[in-house]
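Before we start, here is the structure in question, set down as structure tokens.
Here the chain labels run A, B, C, D and E in written order, and each chain numbers its own residues starting at 1.
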Amino acid sequence: MTFSVADFAPLTLDLALLAGLVLVLVVDLDRAAGAGRVAGLLSAAILAAIFVASFFVDTSGSAFGGAYQGGAWALFFKRVFLFSGAVAALGSVEHVEARHPRRQGEYYVLLLASLLGMTLLPGVRDLILLMVSFELMGIPLFVLAAWAKTDERHGAARYAPEGALKLYLVGVVSTATTLFGLSLVFGLSGTTNILRLGAASSSPLLTAGLLLMVAGMGFKIGAVPFHSWVPDTYQAAGTPFVAFLSVAPKIAGFAALAVVLAIGFGSEPAAWRPTLIALSVASMLLGNLVALAQTNVKRLLAYSGIGQIGYMLMAFAAVGPGGMRTLLFYTAAYATTNLGAFLVVEAVSADGGDDSIASFAGLSRRSPALALAMLLFLLSLAGIPFVVGFWAKLYVFVAAWEAGLEWLVVLGAVLAVVGLFYYMQIARAMYMVPPSVPARVRTGRALRAALIVSIAGVVGAGLAPAPLFDDAARAAESLAPAPATETVARVP
Amino acid sequence: MEHLLAIIVAAPFVAGVLLLLVPEVDRLMVRLVALCGASVSLAGSVLVATHYDLAEGGLQLAASYPLVPSLGIALRLAADGWSVSLLLLTGIITFAGVLASWTLRERSKEFYVFLLVLVAGVFGVFVSQDLFIFFLFYEIAVLPMYLLIGIWGSSHAVAKDGPFHFVWKLFDIGGREYAAMKLTLMLLVGSALILVVIFAMYVEAGQHTFDMSVLGRARYPRSMQIWAFPLLWLGFGSLSGVFPFHTWSPDGHASAPTAVSMLHAGVLMKLGAFGVMRVGMVMLPEGAVVWAPMVGVIAVVNIVYGALSAMGQKDLKYIIAYSSVSHMGVVMLGAATLTTTGWNGAVYQMFAHGIMTGLFFALVGLVYERAHTRSVPSMGGFGKAMPAVAVFFTLAGLSSLGLPGTAGFVAELMVFIGAWQSAHSWWAIPGILGAFFTAVYVLRTVRMIFWGPGPAARFDELADARRTEWGALVILGAALIVFGVYPALILDFINRTTPHYLGAVKELIGAP
Amino acid sequence: MMDQLAFGAVSAGLLLSALLVVSTRNLVHAVLWLAVTLVMTAVLFVTLSAPFVAGIQILLYTGGVITLMLFGVMLTRRQDGTRIEAEVSPGRRGPALLAAAALFGVLAGALSKTPKLGATTSTVTPTEAIGHSFLTDNVLAFELLSVLLLATMIGSIAVARRHDHAAETKPVGGRREPG
Amino acid sequence: MALSPYLLLAAALFSIGVYGVLSRRNAIGVLLSVELMANAVNINLVAFSRAHGTALGQVFALFSIAITVAEVVVGLALVILLYRSRRDVLVDAASDLKG
Amino acid sequence: MTVTPLTLALVALFTPLGAAALIGAVTPLRRRGTPAAWLSIAAVMVTLGCAARLFMLRLAQPDGELLRTFAWLPSGSSTLAELGVRLDGVSIPMFLVLSVVAACVQVFSLGYMADEPAPARGRYFAYHSLFVFSMGLLVLAPNLLELFIGWELVGLTSYLLIGFYYQKPSAAQAAIKAFWVTKFADMAFLLGLILLVSVTGSFSWTASPPAPWATAITLLVFVGVMGKSAQFPLHIWLPNAMEGPTPVSALLHAATMVAAGVYLIVRAHPLFALSETTLAVMTSIGAFTALFAAVIAVVQTDIKRVLAYSTCSQLGYMIAALGAGSVMGGYFHLTTHACFKALLFLGAGSVIHAVHSNELAHMGGLFRRMRLTGVTFMIGALALAGVPPFAGFFSKDLILEAMVHGERWLPLAALLAGAFLTALYMTRVVWLTFFGEPSTEHAEHAHEHGALMVAPLVVLAVLSAGAGFFGKTLAAVYGLEYEFSLTPVGVAGSALGLLGILAGWFAWGRPGKTTRAFELVAPLGTLARSGAVNRAWELGYRQVLMVAAELIAWFDRYVVDGVMNFIAWATLRLGTRLRRLTTGNAQDYVYAVVAGAVVIAAWGIFG
């Protein structure tokens, strides 16, 4: 089998990203040419450009003998990743410049490398390619998690190796588990083509392989019980990176899960659906409950994120186009919201805060705009009307209800209220507690720009969710024919 | 006229946005803008009342603005007779509320912004004909409460006692933030239940629209109605103070600033009852028929229990808050009767209690502001220093105990007649007993605050109502009497709508 | 028959050495036992007619990984330096055993419940086929792998290098003096 | 020869690796155990390759080996970093972050 | 220009309301006091004029009725309740009585309240005007609902007027006590109304509900009457109500408001007549109250309290009469009683105004100093005692006859005993007030207070003396049969009255015998002072209602709300506990991953 230039067409955006990576690398190597924040701004610009280009470039079609499949589905994820990457890169500029002036270029190169892995993932239709892009996404993250190794503020340097190591250890064990499952699935179906996996006759061993894969990917999305690294790593790592870590890889994890489960084994959801439901319940419960007891905003957001993953899993478990488009919408909503929330944390901690809820005290009087931004992000996370998170939760509930998961909807709805409690702890600090330092929070220009973009996403999609939803619906439909809802076994 | 309802809903919101542009220091301008927003809505509400064609009945002034076509969500606004009366109530209370909080000092701009947003939500609920938008507005009406109480509220100490005394270690019971949080969480748990049922209805109807008229026509299976109705009742009921989910109300009202208490007890609690009736009973009639006995019994518990609780309070705001719990029981009792008279009474009671409790809280705010205490036993003889306050307080009290000539009487009379005509005649007896208990605690309160020798020397700041406060008091007081003497002013609207909504229920229970 | 015998011997060695990897007290010994395991695996690959993979296994793993590991052990030895131990926390053994046994039980159970898996064939895959596969079907993955390795390299160096510690304690604004 | 014994072997090796990961205190010891797990994957892949009679499994295994090596490299870097910051590499000692 | 009766009625009704509203709303008017008083009096004069004109018209044409109503509360396509005006033989005389007494009292008040601060006077007259309107509404009501509305409104004015001296704690207490007790009774009334409308579909007293319902409805309504007309055991508020200004006692708590219960029964007699049980209950309670209250009146030391118990007692007579089926008896006595009891109260007011005390012990020897008051008061006393030919004799005679006629022997005995006691306590009051020696400085210097206070006394005295002769006229207006005839029981009644006067004179009339007289009634005094009924109610209020309220308040705060707090607490605690799962040890994290994978896989394979 040979390939031609035409094979690269669906990969235009990814190749552009690769080129961008090389460009940043080159610029960084030539330090005299003016390193500094250039690498960051350049990365952000590259990502933004590719994001914009994604609206004009036709990336549909299949490539490399079906190993890669472009189209609306992949494009939707790509945009989410590019958006997250751009905002995170922009939000990192001042942080990296101030704290890791000697390691700026590497930071962005690794970020872009990880992003490259992600942007490929949703279009992957080949197990080997899946494995490689999954790892390409993952390995740079291990490294970036340790980036704060020299940052002496609030003990970051002491925590960074620990946080990174935890991410790494849980990560490699999960990867090994995934690969072990992958090897079984591959072996029993005799093909690496994901589209043909479903054709294999089902057997307990195949189920075991499949579920081991799910378990391994559960690490990436941070679902309970594969979540434990999340709060520790978030707390230890640099906040702008955490903003990225908290959204993009998780969404990529969902993309990978979707590729394997919905595309590969879409014909027999009964094999994996109960697992997803169980993970969803566990994640929503544990995430929301433990978040209640947090005093560190990053840890709080970490646990809240675990809870959010539970909702996404609920959408996934709703199966069918209804569930999938909901999942897509939720991921986009979650991305812009969580990025924004962490960037506000960065803004506050960059100016003397220590990530504790207490450091948000009186923010509404110190920097009203920042406080309002945080409030909007929190409301969105809590699922309150007129910000995008509300629609996300709403669609999830509708989809889950239609899929016969009424009880899960009730649980989710009640836990959403629990969630509101801890989000409000931050809102309370911002609006009701007098500030300990009266000074305005100084926020870097790049960070401010990143925040504005996030806010625009949260509010824009909150006021007019239809375009985003239609996009998600198109993406979900373009996925390989998913099983009709009727065939879905109702879970008792 | 086509956009009249939209204007009513939007006016407070627009005023809120405009407020953001007004500098905080220009306090008069802040207030004027807020008052303008309230006035436009009030005027609009009156216009709705005058333009509503009673002969034609049904939904009028309909307007629809598409929002999320993929889910069948549109901003469908229309007014029925119930809406007309409740719009008027909201308009009046809002207007009076802005006037009553004129003297607020701290962060007044933000206060009005949140207040107006809340008001927009309330108006929205009453005219929404799209279930989803209904819920959305409901949330908008509930959420600003957190900040309004948390920031501008007041705290008080609650003695540590009882079997659950250990919770004091974790919660600042009686604190304004505690109150705000409790209120928000309890109401949002309710919202979660409502949301669940709304989805169930949406899915079950299978029309891919949230249009209430479409959803209302759908025939929901009995089994679904039987589980869905109590959820709705609990969900909306938590806002209307249904026992035992009323406990946010005393703390919330006690902590809330004046205008917020007015709006909350005066209008917001009605949203709950309105939801139970408009969504629960009208759209899920079988569920309503099955569960009416429970709704009625709990309502009766509310009436008597609330009144007795009020009697046992020493804090002025708690007294009024518990009286709201008791009076909302009357609304729910009227709803549970499933009779035309009872429903008329229930909606009328929403109106009457709204005005009355609005007046109450306005007065409580005045008294608190001047006396710096809410402890009733420590007061006395205030009537001498603040005669107008005493008069209006008495007037509100008389309405709350159902004295003829005030709106409260009309409402209670209809509810009790409805109760007797319902399948559970005995409900009327505890209902009436509750009215008597109200007389006991209200008059006792009046006596303790305003009568007797005094006031003591330490209450040297007592003063009668001033300028805008007069406005609030007179508007509300006059409304109490006008609508008590000539109830047809709004009862005609209510009565035009009730039989129509009650049709499905009556069909089920075989009533004429 | 010979196949089975060979397999039995190799797998016995494999498991034994693996067990020693996880149980020996001396970390250097553990690394060496891992080397044995990896070599035994390579032998197994040869019996499975995959000599190329076996070669890579020896090269990359035994040659690369083991060396790295030894370096790692050396670099991280305790400062007192007396014993290089692979401490096993006593409290963890039981639960760890339980988890491992349960995992094995599940996998073995799944295996036993799975009907006839068919036998291995005797077809020997030519090395060219592998190379061909790398450059055709999996070229994208192959290319990506290079990016992955590049990222690994950059990342590892960035993490492990020591020299930027002192420099970074006082921010320099990321800009060099011109000229 | 039947495929099952190979799979069983791989499963056993994988489980031993898991045991090691869970019981070793020294981070490098944990890394060694992870290697065992990865190795089990490779055995599976090569065995399946033989069963399928195609090169695909072997290709898969080669990719897997490469990835594992990359992981180990990063892992060692992190371990060294940990050592620099704490003067030990005990996994259970690095537990400042919790809750 | 011919004025229709309807116009007259509406003008009569709404002029006082307008006056009340005007005084209430126009602050300067109220603050000045005197203009407000004159406005109020002008209004009540208008009412009086209209009422008189209506009465004349009625005399001229005693048949038919005028009924004008409008729909008040709609319910579905039908009307739930109507309001309006009904002018007939029952309402017009009562309206006249009301306006006459009200006019007298307001004029009297002008003098009596002259010493009050001006704003307080403004308030006072506003209340009075409001009362005239409310009572007029009650009287002219075309159905029981409107009657109830008026009923409650007069209750309100009663509350306001009793609490007129609101800074005085006892007045404040008395006001709410009056309101609570009557409101308590009104709950039954309201329930009766609800039953009535539910059973018959209207609030009309001409509707005839089936027998058991009729009994239930009338009994419930009668409980309301017991409250308003101070019948045992709901009479406890009336003595306390004397805390109000004395003219108020005259108007509300003697002549008109308390008689509203009697008027209600007269009005709704078609309904009450449906139930023998109710009638029997009425007679029993009325007769018992007549005797019981008379007994207590004998030992009261406060002049107003004597009169208050006397009012209870006389209302008992009326109710007993109505229970025995004599509408005429009840109504006639109501009319005459309104005159002489208002007279007595105003007289008492005049005395109190002079001596600045309510206590009989602080009076004495006033006859010489306040001759006109003394004479008129004695006329009133004689009328009350049922001495011929004063008004009370005729009406009381009719009541006693009704008892005989209805063969209610036990009640008759009670009423006869009451007649004796009535004369006895009135003699006591008269003697202690007007004769003997002045016992205080104030009493020494007592004097009349000018025409404004005397004129109403004279008017009422004339009515008290002469009203009895107009029985036939009144009956004609009522549309009832009445022919005076002297019967044995009537003779016995007046004889007992005279006997009572004699006994009174023996007991208190002779100087120095007072002490022994008290010994004579000592057991009665013990009974009266123990206030057993009052205590029972107090106990119910303090020990039952208040304790229950506090308990429930505690329960709500610490148990119901406690449970809510506990749920929140438990959730937070759960969160804190679950937090420990994140131990910080990476191996535990890995363990979770492995365990999770094993469980998931095992569930998928074997589950």
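Quick note on the criterion: contacts are C-beta pairs under 8 Å (C-beta built on N, C-alpha and C of every residue); 3 or more make two chains touch, one makes a residue touch a chain.
Here the structure is a predicted model, which means the values were calculated and not measured.
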Partner chains shared by subunit D and subunit E (touch criterion as defined above): A, C
Path length in the contact graph (subunit B to subunit D, fewest steps): 2
Dominant chain pairing [most C-beta pairs in contact]: C-D
Distance-maximising chain from subunit A - centres being C-alpha averages: E
Most distant chain from subunit B by Cα centroid: C
Distance between the centres, which are taken as Cα means, of subunit E and subunit A, whole angstrom: 78
Centroid spacing, where centroids are CA-atom means, of subunit C and subunit E in whole angstrom: 101
Inter-centroid spacing, subunit D versus subunit C (mean Cα positions, whole Å): 5
Gap in Å, rounded to a whole number, between the CA centres of subunit C and subunit A: 29
Touching two or more other chains - residues of subunit E: 572, 579, 582, 584, 586-587, 590-591, 594-595, 597, 601, 605
Subunit C, residues touching no fewer than two other chains: 92, 95-96, 99-100, 103, 106-107, 109-111, 113, 117, 138, 141, 145, 148, 152, 155-156, 159
Multi-chain contact residues (two or more partners), subunit B: 185
Interchain pairs in contact, sorted by label: A-B, A-C, A-D, A-E, B-E, C-D, C-E, D-E
Subunit A contact footprint on subunit D (complex, rising order): 7, 10, 14, 17-18, 21, 27, 30, 34, 37-38, 40-41, 44-45, 47-48, 51-52, 56-57, 59-60, 63-64, 67, 70-71, 74-75, 77-79, 81-82, 84-86, 91, 94-99
Of subunit A, residues touching subunit D in the complex: 127-128, 131-132, 135, 139, 142-143, 146, 149, 157-166, 168-169, 172-173, 175-177, 179-180, 182-184, 186-187, 190-192, 205, 231-232, 235-236, 293-294, 299
Contact set on subunit D toward subunit E in their complex: 18, 21-22, 30, 91-92, 94-99
Residues of subunit D defined as touching subunit C within the complex: 1-9, 11-20, 22-29, 31-33, 35-36, 39, 42-43, 46-47, 49-56, 58-59, 61-63, 65-70, 72-74, 76-81, 83-84, 87-90, 92
Touching residues (chain side subunit C, partner subunit D) in the complex: 3-4, 7, 11, 14-15, 18-19, 21-22, 27, 30-31, 34, 37-38, 41, 44-45, 48-50, 52-53, 56-57, 60-61, 64-65, 68-69, 71-73, 75-76, 78-79, 85-89, 92-93, 95-97, 99-101, 103-104, 107-108, 111, 117-121, 123, 125-126, 129-130, 132-134, 138, 141, 145, 148-149, 152-153, 155-157, 159-160, 162
